[in-house]
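The structure is given below, and queries will be raised subsequently.
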Amino acid sequence: MILDALKTLIYVLIFPGFLFCFLTGLLLAGIDRKLVARMQKRVGPPILQPFYDFFKLCGKQTIVPAAANKTVFLVAPLLGLAALVVLQLFIPVFQFQIPAFANVADLIVILYLLLIPAVSIILGGASTGSPYAGIGLSREMVTVLACELPLVLVLLSVGRSVGVAIGAKEGITFSLSTIVRYQLESGSLICKASLIPAAIAFLLVIPGETGNHPFDAAEAETEICEGMLAEYSGAPLGVYKLSHAIKMLTMTSLFVMLFFGGIGTGIGNLVALIGLTGGAAAAVTMLLDVLVLFVLCVIVTAVGISFVHAVTARLKIEQIFKYYWTVVSALALLSLVLVWYGL
Amino acid sequence: MDFPFIKEALSQLFSKPSCQMYVPDKTKEGAPNYRGRIVFHPDKCINCMMCERVCSGNAITHVIEKTPEGDDKVTRTFYLGSCTFCATCMDFCGHGAIEFTRDYHMIATKEEDLMVSGTFIKKAPVKKAPAAKPAAPAPAAAPAPAEGGKVIKPRDDGKPVQVPSKCVYCTICAKKCPAGALEVDRANKTWKLDEDNCVGCGTCAEACPKKAILMPGDEPVTEAAPAAPAAAPAPKAEEKAAPAGAMISPREDGKPVQVPSKCVYCTICAKKCPAGALEVDRANKTWTLDEDNCVGCGTCAEACPKKAILMPGDEPVPADAPAAAPAPKAAAPAAPAPKKEEPAPAPKAEEKPAEPPKPVQPRDDGRPVQDPSKCIYCTICARKCPVGALEVDRTAKTWKLDEDVCIGCGNCYEVCPKKAILL
Amino acid sequence: MNFLNPQHFPIFAIMLYFLGAFLIVLFGKNRAARNCIAFLATGLALTLMILLVKPIMIDGGIIAYWMGSRVPAGGYAIGIALEVDALGLFFGLLIATAVFVSCLYSFSYMSEDDNEPQYYTLFLMLCGGVMGLVLSGDLFNMFIMVEILTFAAVALTAFRNRVTGALEAAFKYLVVGCIGSTCILAGTIILYQQAHTLNLAQLATIIPLCKGTNVSIAFALLFIGFCTKAFIVPFHPLAADAHGAAPAPVSVLISGVLTKSGIYGIIRLAYFLFQTMNLGTMQFWLVFLGSVSMFVCVTMALAQHDFKRLLAFHSISQIGYVLTAIGLATALGASAGLYHAMNHTLFKGLLFLTAGAVLHETGTTDLGKLGGLSKKMPHTTVLFLIGAASISGIPPFNGFASKWLIYQAAYEKAAETGNIGFAFVTIVALVTSTLTLASFVKVTQSVFFGQLPKECENAKEVSFGMRFAMGILAVLCTVTGLFPNLVQTYLTGPAAKTLFHVTRYINAMLGEGYAESAMGASAPEAATRTIEIVGVWNPVNWLALLMIALLAICIVAIASKYDAVRENKSEKVEAKYSLFYGGEDTVFSQVGGGDLFWGFKHNWRHYFSFMHDLHSGIVNDYSLWAVIALALAMVYALIVL
Amino acid sequence: MFKKLIEESTGKSPWLFHINAGSCNGCDIELVSVLTPRYDAERLGFKLAGSPRHADIVVVTGPITQQSLPRVLRSIEQVPDPKCIVTMGSCPQSGNVFRGSYSVAGPLSKYVHVDVDVAGCTPKPEAVIDGLYLATQILQEKRKGMKK
């Protein structure tokens, strides 16, 4: 009993949990900022810049404005971060899926778990009482609303296509591990013709969901002074920036899991070649898989977030909504229809 | 809906970023004539405070303390924090005391770092007791007749004072005065100094052709007899020379008169005339004076190489004196001690032309000729030539004379240290 | 006739309410007596219901109780019967809890109002009516109970007649309510003429066999009648007006209980009396109505400026969810629907009580005039947040559990039938849930957070009684959210099972083997529908993980002095702690109410302006819609049945 | 261990908050040009922050007009410690050519302790980077001195 309690503790705090998310998330954010700078002919900050930002913010003084509700002001960021870290636990790393967490959440639940960080940042912003935060949270909510429809369409089409392929009794499956296991056997989903529009749609949703550049009307520092974070300073602000970075990691790793699931297998038998067996082999494969996952995440960030950030200008909030509910949703709907009628 | 930057973004991703990789270091300098940090040369400053007046940011201040021996010790500070770096002060400083370097690192944590200051001692004017010791014989002290002229002493508050007798009201001082503190009216011959505007920079004294303005430190001047010298009123003959054999005497209304025989129509007087009142035509050898324009300043007489223009107070000159070798007359009453030491090595002493060595014959049309043996190609003659007719090249050892430009004034002859030029 | 025999509990429950109402009229003058009577009535009824859970839910029994022991003779059931099966009890339990809590709440909430005794009599009449409707096994008895509850509800809506719009809302409710009741009456008469009996079980054996125009017309009439009671789409505006004006405990009853009675009626109608649910078109009809009301009401809610009207529209949208789930006619769908109905009563009750608390303290529920109440009423804010989180489906709370089941059911139905329409229904359901979250973010920002206006300065925390009532509902919300499988096995599972075992229902009423003999071949076979859930969701584990992560983060934060913050100590707000206004002095500028979600409203501006014209607020329009709906229903029923 | 890490990263990620107190915009465009590809202050971690709460270094340009004085002081007040105040150009240091006018409220140092002055009437971007670099060092000193 104590052993697996300790194991869960390690899982939650160290490996796929807090420390892993902290490092890879901030590293991913650093790479993203560097890529954007390089595309604008700038040298760009060092890769570890987000770490410096985070620790500097921890060192700064936290000011609670008079109009703010102190408890919500301080607790909201922590709640958002915790929810995000727990969400990252459920995303399997190729074969590696912690048995204890396999049957806790599935695709639809993850869709809703993504809402909690958004709600936490909204609550945090609302608690400060500043009008900038008011406008910010209204825009954040509309962005979340905008990203919901395409995300739902993509997840339903993936669930349906894998369900049919596996021949599940009801013809649909939502559990991530079955999807990954299916991809391990018969190649990643990106190669399925009917799911390519879904993959593109999901790629377009990532910047919207994480609130990155072209869709960051909610935290537009030029128009509404960082929106909901206008009144945040010091450690809570650091936590929000950290959860923004981890959300980028979560979204990209979700994309990798859903559409590049099969890639991890190759590395697996490489380990067999080296002749490691038993526990060591599993550990090494897991490490290699994590490395492959991170590399794929970096590629997806480069394409999905950095490139889009460098090339486009910030959209107005109603343009964001219209863009997501027409262009991206049409793509996703196309793939749903294709999947539905047996392609 | 177009995305204009896709191509650039991708291509730039793999190319070198266009960044100067600037790392803060002090050695870097601005562009060639970048107006950066100010450097103040206290020794050159004469505390005329012109820079303070023109500075738009009121960045320049000064503090004067009296030193034990009565001079005032002036500390001038330039506050870079209030300076707009327009360098107007540098332009206005007549003496080059202010200079803008190319160093743009003007970062300061304390106010003092931005203060550039310098101190110098400004000699108070030598105060003479009323029975002043006899003025040291000025090199060209005018042989002023000692009878009862009034003694004009320079003022001690650094402001100029006018010597009415010498002043010809030519208004040059007023025009030159940077502060516009002088008002000279030629019609009713008034000379008025605006006390508080005047900065005592001495530009007027310097510019005054007649040395009729005394600055502190100049020697007091005893007035000549108030009445104009009893020079015979020169008849208003301006055109051709007077009938042969008659004496040409200077006019008493202060305007110049030409001695046609001596004049070589070199047009220097026309060029020098500040008022532009002279027209000299070399081709048909005419010398016309525009009466009302002429201010009677005497610059033409002074500039005339052949001393062919007489000003009031000069001795009458026989009209038909042969164009003998010009005997330069120390005509000017007080040789001006030009502020800027001309590199002219020898004082204008009496000079007897060395007789020419046999092989080089002086030319007959009044143009100089070079004696290659003596010439050391020091290029002084080229420099002194008022019209720039000489080209001397030290390295190639060539000496070229441009005949039609040369006016035969003899300057090169006079200044040539080796007497290698014959006229 | 010992009183402990569970057979008598249903009639006792109903009688308790009516007896309570009667006694309050007698001794209603002094407050203590009145409160005690009301408390006893509702409390005892609740305990009776809880006692019934064991025999009916767990053992699977059905109580058939003939009033005046007139057992059916010669094959004709003349007497009035009460029949309580798992479904009936489920709704009864729901109603009892809601009534008990709102009664507790109204003790302190209605204390300032004048003529309180009349309030309690009407209140208990309403509860009695609804309980009667749910437990009765006789069609005409259901009609009578519908009449009682409609008139009680109308009277209670107009209780605070000085509130503007109260009388008008009550009148609208009365007019459309009566149209509904007359439809039910007409339907009942046609059925009686057709089957010469009013007993539900016997009707269930006769009606499905005879196919005729008047049967389908009866179906249409009854269906529209119960739709008006449940405020489904064509009849939803009057719900908004009714809630806007009614006092909070009454709104809890109207939205939590009355709408469920409408749903109960539709279930009895579709599954039991006419057994038409296996028809594809019938499922399409219910699912279509459900998703339309789901989407229309949530978008209308987003555009509201009044707290209570917003909640009203939301309750209709949640009823849309329930109707969609039940319309799927699969076991998982039915249990998900019932589960959501229960959750809806809990969190909607909680939200209306918080709205009542806000009204009680500040005197207004206009979103534009409120703000920053979280500092003045911290407990109410926490309770509101729990309610809002559960209605918008934030994982640990109960809203999510039931909605998640509804998505599974709908998508499974889509996969099973291969008809992409049900997939669109799932999508609409998911998007509606996010829109619900959006509108509750709007309420959170405009009422509880943001800046405190002058008028609400002297608002202070509500009395303990109200908070205790809200607390009960909040705890129930969390508990039912955390243990969905427990709820599944003990409450919604058996209830859903009864939907597909009609014969047991009939035999329990009219004696063993009656259904088979009466209906012969076409007796509805007892479909053994097991509930399998495709997805996985284990809230307890998830919450445990979240707690571990949160605890770890908090420990790290406290260690690094995360809460050593600078606060404004002095009375006057120093510049350092005033809000950043671009350097200006802090002026009162609350962002709330209409200013939010411009992006969404701008994109849907044509839809909103069309909706705005549609909801004219004039009673003739609503009754016109009712009649058109009736006509359409009849045409549809004629074609389908 | 964290304390040293925090101190070091305070110097490495200074966020600027730019206040224009009536400037002629010469210094404003110069400050923004520091972030362009050519000089790229982001290399050293500089970033323009949207609100004073996020700022470490406050860059003030312009001769603090009467109108902007209360706003400038309030914005500076709202910046959490440790903070540095940098005045850019001559105007905030002395009022430059506008000194003595009825509407200029005089140098910033009259009201707030100014950490770094970058002199120059529109100082060169390199000078601005020098000044900001100096400010980050002062920031680190302040962070060391400050108990959390």
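Per-chain residue numbering starts at 1, and chain names A, B, C and D are given in the order in which the chains are listed.
Assume contacts are C-beta pairs under 8 Å (C-beta built on N, C-alpha and C of every residue); 3 or more make two chains touch, one makes a residue touch a chain.
Every value quoted in this text rests on a predicted model; they were computed, and no experiment measured them.
Chains that touch both subunit A and subunit D are the following: B, C.
Of the two chain pairs shown, A-C and A-B, the one joined by more C-beta contacts is A-C. Averaging Cα coordinates per chain places subunit B and subunit C 106 Å apart. Centre-to-centre, using mean CA coordinates, subunit A is 36 Å away from subunit C. Note on chain placement: the centre of subunit A and the centre of subunit B lie 82 Å apart, centres being C-alpha means.
Centroids built from CA atoms put subunit D at 51 Å from subunit B. Residues of subunit A in contact with at least two other chains: 37, 40-44, 58, 61-63, 132, 225, 230-231, 234.
In subunit B, the positions touching at least two other chains are 17-19, 21. Among the residues of subunit D, those in touch with two or more other chains are 2, 37, 40, 43, 51, 53, 78, 80, 148.
Contact annotation for chain pairs lists A-B, A-C, A-D, B-D, C-D, with touch applied as defined.
Listed in rising order, the residues of subunit D touching subunit C in the complex are 2, 19, 51-53, 68, 70-75, 77-78, 80, 148.
Per the touch definition, subunit C reaches subunit A in the complex via residues 372, 374-375, 389, 393-395, 400, 404, 407-408, 411-412, 415-416, 418, 420, 423, 426-427, 430-431, 434-435, 437-438, 441-442, 444-445, 448-452, 532, 534-538, 541-542, 545-546, 548-550, 552-554, 557, 560, 562-568, 573-574, 576-582, 586, 589-592, 595-600, 602-603. Taken together, the subunit D residues at the contact with subunit B in this complex read 37-40, 43, 90, 93-97, 99-100, 109, 115-121, 123-127, 129-131, 133-134, 138.
Subunit B contributes residues 17-22, 24, 28, 30, 36, 56-59, 79-86, 104-109, 111, 114 to its touches with subunit D in the complex.
Only residues 37, 40-46, 49, 51-56, 58-63, 132, 220-222, 224-226, 229-234, 237 of subunit A touch subunit D when the two sit together in their complex.
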